[in-house]
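Here the chain labels run A, B, C and D in written order, and each chain numbers its own residues starting at 1.
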């Protein structure tokens, strides 16, 4: 049964005020379009969970959607800090935000526990760090077999995850290539999953290469087909990362007024991702297009 | 630097009497040729570790190579029991064998702990089972966050793992498709790794599809290029499973004499896998060949 | 339904009975336990046939998952093992073994699992490990494989086994896979949901009552209460409204004989 | 080498100094820490440049691994982020994030890691979390990301940072990533091997003595002992045989300026 819908309807159905939310993707396939739709629909009091809040959470924070940020690295990769995140954390503007902080490894282990239905996940992490003192979901655990020890993290189980992939069938079985990040874990750990893809494909395409499948329909509630839905993040093989947008964010978000003007223009000022892409313009889109480089084929064989 | 060598030399270098050994592969890509070479070289006192001992460990046990079997399901899939394993377990012939027993999930979790350098791995397994009473490497652990509990298993870290894949470059970066089983974990958990492949490929081929890489050169000590090295198990896309060989094993191994006659003919009676394949004959090989069915291509993109 | 009625039915069915065997009836009875939106962890042999019969009849959306990590397999012919290449080719996804157990089984994404066993007791606990003493076995069986955690984590466990006396002792020699332990409360105390749903033998279909104890829900046309009781190590209950197991349809028999098991590897088929 | 000699050297180098900047020298000094069979967890900016200089000169077999899970990346141009598409295309392998941390970092498969930080103390402990009180920050920094576990698990941590007074306090406000804790024994007691190997600043290259305390191993041609001491929150040690940091070669400068950072995103380049 087809789960294909619009981003507007998927967000309207899946995301409630007060929800905990994971917009997944490590640099790659970040669901910017979903984030913008959540801002347009005016959701508030969200717990924003994400290893790397990135620009998309900075925008959600600037728009006043957040009450809490659960994270492990809150910066603009290769550029510097996230201005709106800092204003919220340092000055409480536009909302006070509570912080729940991990290391990347700890955060991923917590998602792994959530994805696996385990009460905790051990890791050799946080050792010598001051972080465990400030987070009750990190605890030291002794090995039952010797005098070794580890830290454990409690499961993270978001109400809603939005994940992206390059292609999926109408049920939500998705092929993803390039950097996978924590996409699979976020989908498995969350109660409700919106899957957004660059293009829809047939079930046959999925079945032709089952090792490429990262998300299966079991986890997916809504499928949204949304080309360029990750810009200024990227989709491997479809378009590159718009590094200009990341570099200019430092200035764009430098103060309250400039970031609000940006939101007015690029989020509130467009109806949906299609309008956003039209506004970006053909030249910018074309500049991001990579040359084609196909993976060497593999033969799965036909067995009777 | 090329690690390519012969199976004879790889086994001679890597496998010592008394070693713990993991010949990996869940039904798919079982390293039969490596097992036969170990028998030919007369290794003894081995701890044979493997979720599914399958015919290859039945053959190693029949040949007197084993002192211990660590396992989770000792049967002939779809057929019945492993006669030589049972003779050793029930009658101590040709050697007494110690058993260390898990469930599949427990065994995989123990390999995961070994692969991850963790002192234990939790799982919701063994619950209500009598197995933990008989294995000191299984222990109950309480959650540090609530009143939940899990079982934990200690790490399994074999001295040597032999793993197979369809193709690898000379360094040991390998593409594997189809059923992956515990291949990756075994390679990661072991001290020394022999990688055997159906065919050697260029580093470029590997780099054209990095998401297909299951083993990287970091783990690999020896690369052996050995077509049909998994028969009567199979290599997805290259040849099918020789179910006839599995079905007839019940009879072949039914008593001491028949299994020894089989070893004389098919293991001691050939010098290497090439001779084994020649002995199998063209017709049998051709009968196992699947029709071609390529995976739908993906574009990784060329980024400058 | 009384014993008399059952026996009468059995007699009148003699002619039709020739048309199918009890092993075919077992497959069909198991198939009917499956619903179209089930994700089922398929075993080899009769469970695999049962899933394929269900998928080709009343449960077209049935999702078949194998311990080998293949998700949504669609094999053209029944596999000999749970890791055959025909389960991988054309699957929706293939997971490394750890992920299959961790994210699918343990995380509760699978509805149904099929298990066999050398011994099943009155609470549906299963032994597939050892007959006799663990350290000095009379018969060393294959062991758990995936069975223990399947029994822990799926919603409904289906057990398919021939009914012989040594298979149904009051207590198993070794618990490989938990049923209701010592009753439904025993299972709950371990923190486990789900549990055994049905036991399907060559004599009947059995279920579990409110205490978690096995009872006979339907008798196969060729079977009698006495036969079942005589082969069971405790006084087994029979349903007040004991039914006769519904017979295979022509289409179900055709599927088994022509498409799924033409070589009679897993079923004896009537001449 | 005495202070006088160093100063003399610095003066005589003034002309040549124009030919490169201290940020270029930092890149080159970091590159020289790398060996050809190292697996290195690369950071963005100068660490990435350093790895690429090393790979193109004395360490052709260097394996570059990124926190995003790309193994053996071979980017054509330096990435802005650690997850750029050019790190994925042409990599040897791409691991899900969990596998990268679990199987590569935690399992000890990585030799070198690069870290930065807002504060570094005398034992090489790093703060990249917060200036001021954790719950009421003066400056909220990005946080650990991968840094804490990199500091725990690689054999040799390299720290690249400008040397300003507020960056080198005697004690950091918050330990994000452990160095030698309160000395080498402190690190050992936590069960950690490895540790900080070098700190590379715009003034010099510093290492750690047998107690795990920072000392200045070489001075950059343009720097002085006094400058370093005046910007350090404790009495910093200088090596008995204090060296001058070796200058970039023409080939190293060419690589940085023409191939790796033509737009001067990460280095100031001499006119």
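In this text, a residue touches a chain if its C-beta (ideal position, glycine included) is under 8 Å from a C-beta of that chain, and two chains touch if they have at least 3 such contacts.
None of the values given here were measured: they were computed from a predicted structure.
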Relative to subunit B, chain with the most remote C-alpha centre: D
Centre-of-Cα separation between subunit D and subunit C, whole angstrom: 61
Computed distance of Cα centres, subunit D from subunit B, in Å: 42
Centroid spacing, where centroids are CA-atom means, of subunit B and subunit C in whole angstrom: 29
Residues within subunit D bordering two or more other chains: 70, 84-85, 88-89, 94, 102, 106
Set of subunit B residues in contact with two or more other chains: 117-118, 123-124, 148-149, 178, 180, 208, 211, 236, 240, 290, 293, 300-304
Chain-chain contacts as defined at top: A-B, A-C, A-D, B-C, B-D
List of subunit A residues in touch with subunit C within their complex: 115-118, 173, 188, 203, 206-207, 210-211, 213, 216-218, 300-304
Interfacial residue positions of subunit D with respect to subunit A in the complex: 44-45, 67-70, 79-85, 87-89, 94-98, 101-102, 105-106, 125, 129, 134-135, 137-149, 151-153, 174-178, 181, 187, 190-192
Complex contact set, residues of subunit C against subunit A: 39, 63, 70-72, 74-77, 84-86, 88-94, 102-104, 106-109
Subunit B partner contacts - residues on subunit A that touch it in the complex: 117-124, 137, 139-141, 143-146, 148-150, 152, 154, 166, 175, 177-178, 180, 201, 205, 208-209, 211-212, 236-238, 240, 290-304
Complex interface listing, subunit A residues touching subunit D: 26-28, 51-52, 71-75, 77-79, 81-82, 85-86, 89-90, 101-105, 108-109, 111-112, 123-131, 134, 148-149, 178-182, 184-185, 234, 236, 240-241, 243, 246-247, 290, 293
